[in-house]
Each structure stands twice: as structure tokens, then as C-alpha cells.
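Since the structure comes first, as C-alpha cells, the remarks are kept for the end.
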């Protein structure tokens, strides 16, 4: 009897090991099939972008591209920062304090896509119309954004989106 | 039994209707309803008006084409059946009016040559950025599919082209470089009134009024969006007649077959 | 597919073939000689109509794939090339696009027929469950196919729907990126959707095979809900009786389908899809195709994103357990006076949800969608179980043959030729 028991155990062990190793092999061979669907290297290369802020003077703006969208970078004047801080939050359709939008008050960095229907607002270039609140103005359907990129007037429902930003150095950031 | 069920269903539908009557805030400023025209291409037997299509092409070429591309069309399309049906010779001449970039040649340089019927319609701008830069930031849309890309396309475009108002109503403040047009979403449009009386010279005696110019160019754009409309409708008519007769025959055969069975 | 075949090949070649591969016997037993209740009305023809549309969609799809380019820079243009330059391309594309709509119209009628006549009940639970799986795969196929023209609604529809998965905590965003193959819907998304859109119809063919197999074990349900008692008295062979009747119905449905193809090909579509996809411009109202609108209404009825997504999936999931939620022993609504009324309320609620799905999500529409969503679930989870317990069904006929005789004799409640069943099946019996 003992002999039979032992051989049974061995056989069962073998079955477990065989099943287990087949399952592991299957799982390993399926993973490449699944993982190939994840964003590939060329996509990941564009997932974040580093920007050197030094060329931008106070009162100037720069536009860079990130994940296919324009990013508005503005070095605000003291006047503009004061204007943005002075707005009571209850006056805003999408209440957000200036400090939540600009980590360093001097630098305002936003996705430059109107939250209404996705046009690109004006206000980046010197001669541009900046709307009633001295910030950005969307020419498509007349949305006015203030000096913190917050919606003040017009059909857009939300403020211009602030992307994830990290300061690598004093004047160097990574977006994304 | 049957009646009570209808009553229940009606009640449910009425309840549904009542719920939906709850006032809903208007999302957009609504404009007036589109002007309705009797377009020749509507209805089962509708076809395009050849003369109107040919005039419409001239309006597009001489007015719209300075800002709006029609990337999906080629000059050869102008002679195909169901379209403006210019003759081949005319199309060659129409295409040759344009300079087309071709190349590279043996020296590796791009060069310009006269357009051929097989060329796509020449675009006014090399890319979107250039188009925006020349138009105060607004992008003139490509017109190849514009009639199918707008609700009630033909009537909407006709209304838009003929609906400009010189002075906006009191209380409306126009943006810089904007024009007032109640048919456009938001009522402010970057495109200046494109058509004016005799903007295009008509050679066939049609009066070049703004209405006629608009009607002709909309007809042309409708064809551009749906060039196989005439082929589709004429084939469809034959197919449906065939199927209706077939259905009749099958109904009779089916009835005869089942007449032997109580079911 | 069970039991000994009655098929007897007549020719020597036939005998030789049949003894090695009995496929003719299978066809004979399942499609020609199969005993079918003789009282099926026209609502039962939609199975055949659906099979026809599956084949039609596969055929038009295969030839369209010969002309189509699955790349973000060329997809929209290649569809327009099909419309403008390819011989009969406009016909193929309009047939494929409207064919999808007709496929869904037919499947909804097929499903509601099953609900009305209790076709999901014992012994057809598996048949019903396979049917629900078929419906799910159809939805996935249609959704992926809608991205291919790469119009504005294609792009934003896919963006919104893949975004559903971001509602799940922690795993949400990685899943969305995995589905899209990028941070936004883009070329990798288009390529994989094209690949899968080509695959899933063949999965559907396999599932339909199982569906028919599961049908042929218990045989068709029928308008009385009384099972076949005598093959001789209650049934007729499928061929020629139902082959002819189904063919007639298919031709009639084709007339409707081709009416859309030839005379209103864009009626069921969205104008925004004639604008090439633009990731920087969102359309004013993003709406799915009409056949997804009820689910879209349920999704938006819930203020919480995750809750909405779960509820939407649950609205189809509940169909899987329907055979056990319905406590009534009686199958057909013809003999269930209460259920019959609730059935029509349910039809109205479903249509109402579809209407609300196409409206902006605000104010009264949201409120209405909430009420109807609550009713949708109440129908399955509360009304169905309770009805079976409290309802007093009408007297069932002894057999199909008896019911047929009664109807053809002195029938107080209408009845008559089967053609009338198309407009008013409820008057039967």
C-alpha cells in the first residue's frame, strides 16, 4: 500500500508541476501579445517635453507643442499677477485661485486649447487681441480668459487646462 | 385587452412627454430657421441642374477659392457624368488656368507646370497654419464635403451666404474683424460677406444677383459633397422596383404554400 | 444536431460522401427537415434576417477593406476615395454603414420578440445567454467600425468611450492608455480597431453557430409558449414552409434597408463625421450612433463617472440573469395579461431612453433619464420576479395544433392571416 501511495503522490506532483509550468509558460507568452498594445517607444518619447524658459522676457509669451497640443507659456508682469490675485473667486464660472494655477506666480503654463470647442485662443503674440480681461481671447465664439487663463466671459465652461509641470531648474521645466 | 394595453402605453408615453417638457436652459443662442429652397436634387428623382453647377463652379473659383480649398476634388471630376459635365476640352482649359507644383525633376528641384485634369483642385494655402495666418486666426474650412458636414446643408449654406446683416442688432458687440450673421453659430463670423451683385460674370443670361450666385455655388458644393447622387438614385429606383415585384411574387407563393396548412 | 439523421443520399456519390463526412445530413436535419412549430408569426423571421445581414456586412466589409487605408493621415481620404473614385464604392460603403443600423434594428426586434414571448425561459436559457453575448460582440464590432472613417464623431466617440475605463480607480488610466496605444486616440488605436473590426464578425459567425445549435436542441419557441407535443400535428418541416416565409420577410426588410442606402444614406449618420478627425476641436454635442443612445442615456443619468459606467454595463448584464428573474411558468405574454402591459411600458421606456441619449445632458433631460433608468432596472429586478408570483395567467391551449384550430374556428379575438401579425402580434391568440 505504502508503495502505491508514494507513486500516487509522485504522479500527482508531476501533474501539478506540469500544469504549473504550462500555465506559467502560457502567461509569459501571452504577455508580449498584451504589452504590444501599450504606448510604444515613439509615443512615450513625446509623452513629456522639457522647455528652457530663459529666452522669455517679462511680459512675453512662448508656445510649445506637447502631445500634439499647443502649450502657452507666459512670463507675467507684476501688474498681471496683481490683476489675477485681485479677482474674488465667487466671480469665476470655474473658481480656481491663481496660486493653484501658477506654482511660481511669474510663470503661467497652460494648454492653449479653448475649453469650449477647442479653438486656439489669441493673446500669445504682442499685437493680439487679449479680450476684456487682458488675458486670452478665443476668436471662434468669443470666450474671454483673464491673466490667469481663467474663463470670465463667453461660452467656454472651464478654465484653460494646466498640464502637469515640474521645475527641473530655476528656468527649466518638464511638461508631462 | 388590446385597448387597455394601448391606454397603458399611451399613458407611459404621455408621462415621458410631460417629463420632457420641463424647461431646459438653452445651450446656444439660437438663430432663425434656415431659409428653405426647392433644390432640384431633392426627392427620389432629383438631379443636379447642369447650368447651375457650371455657374457654381465659376463662383467657387472666382470667389470662394481665394480662401477655401476643395482638397477632395480633381479637375477631371468636372467632366464626369452627374456633375457639371464640362466637356473634356473645357476641363483641360480650366485645369490649365492653375499652376501646379510637381517634381522633383532630374536636378532634384521642384518645378511648376500648368494643371492637368488629373490634378487635385489647387489649394489657396500650402497648410493650415498659413491659412490661419492669412485670415486673422480663423481657418476657412475645406469645402469638399461642407454640404454633408452641416445640418440641413444646402439650406444652411444658402441662408448663411444670403444672411449677412450690415448692422448687428442693438446690444451685440462684434469682435474685431468679425461680421454679423444670424445663421452662424454665435452669430459672429470671420468671413466677410463673400458675394455681392455681379461678383461673378455670368455668360448664360442668368442674373448674377446675390441669391442666384448663392444658389449656384451651393448647388455646386452639394454635387462636390455627393458626386454620385444621380447614379445612386437612378440605380436605387430600379433596384427597389425589382424588389417590390419580387416581394409581391413571394408573398403570393408563400400564401399558396401555407394555404394547405392550418397555422 | 441530435439523434440519428433521417437523411438518405440518393446518388452513389452522395452515399460515398455522406459516409465519410455527414455534412449534407447535418444541413438536411437542421435547415431543411427540421420540425418547426407551424404557428410562428412574422416576428420569428428576424433570425433569418439577422443571419442575412451578418453575411452582407462581412461581404461588403471584406471588399471595403480592399480599398481602405487604416492610417490617420489617409483613412478619411481613403473613405472619400471609395465614395468618389472606386467603382460602386459609394454603394458598398453606404450599404455597410446603413447595414450596421439595420442589423441593430433587426436585433432589437429579435430581442423584444424574445422578451414578449418568453423565449429566454427554460429550456432555452443558454440559447438566450449566447444571444446576449452575440449582442455584446455586435456592439463592440460596431463601435470599432465607427472609428475607421476617422471623422470627428469617430474620433470623439472613441475618445469618450475608451475614457469610460479611466473611471476605474488605479488601473483606469493604464487601461485607457493600453486600449489606445497612446495618450490620446491616434494611429495605434485606428490600426488595432481595424484589425479587431475584421476579426469580431467571424467570432460572431461562430457564436451564431452555437446559437443555432442551442436552438435546435429544444426547437423553436412559438407564440403560444406551449412546447411541441406532437411533431406530426404541431410542426411543419422548416423547408419549404419557413425557408419561403423567411425569404419573403428578408426581401421586405431589404426594401427598407435599400431605401436608406439609395435615398437617405446619411439620414442615420452624423454630419460631424464628414469632418476629418481633429484632436484639437471638440464637436458641440458628442452623440453615439442611434443604436447606442439608450445606454448613453443610462451612462449620463448617474452623476458619478464610475457609477455611470458600471450601471451602463449592468444594463446589459442584467439580461444574462433574466431567465432566473422571471418567476412565471407561462412563457408567452399572450397569456400573461399583466406582463403584457408591463412589456409595452418597457418598450416605451427603452425608446424614451434612446430619445434622451440624443439630447444634451442637462436639466429636465437628466431628470427624465434618471427616472427611466430606474424603471429600466426595476422592470427586470422588481417587476419580473413579482409578476410571476401575483399574476393569474389565462388558460393555456392544450397544444399548438389545438390553438391553431381554435383560432381558425370561432375566434373571438381577431387572429386571421399571418400577415396581420406583422403589425399586431398581440392580437393573436
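Letters A, B and C mark the chains as written, and numbering starts fresh at 1 in each.
Following the convention adopted for this analysis, a contact is a pair of C-beta atoms (placed from the backbone, for glycine too) under 8 Å apart; a residue touches a chain by one contact, two chains touch by 3 or more.
Just so we're clear, the structure is a prediction, and the values are computed from it rather than from any experiment.
Chain pairs A-B and A-C differ in how many C-beta pairs they share in contact, with the greater number at A-C.
Relative to the C-alpha centre of chain C, the farthest chain centre belongs to A. Distance between chain B and chain C, defined via averaged C-alpha coordinates, is recorded as 34 Å.
Chain A and chain C have centres, each the mean of its CA atoms, that are 40 Å apart.
Shared contact sites, meaning residues of chain A that touch two or more other chains, fall at 120. Residue numbers of chain B whose C-beta contacts span two or more other chains: 28, 185. In chain C, the residues touching two or more other chains are 284. Partner chain A is touched in their complex by these residues of chain B: 28, 136-138, 175-176, 178, 185-186, 188, 190.
Residues 120, 122, 129, 137, 139-142, 155 of chain A are the ones touching chain B in the complex. Every residue of chain C that touches chain A in the complex is listed here, in rising order: 177-184, 186, 188, 192, 278-284. Residues of chain A that touch chain C in their complex: 34, 37-40, 43, 47, 67-69, 113, 117-120.
Looking at the complex, you find that chain B touches chain C at residues 1-2, 4-5, 8-9, 12-13, 16, 19-25, 27-28, 44, 72, 77, 141, 144-145, 148-151, 153, 185, 225, 227-228, 231-233, 235-237, 239-240, 243-244, 246-247, 250-251, 253-255, 257-258, 261-263.
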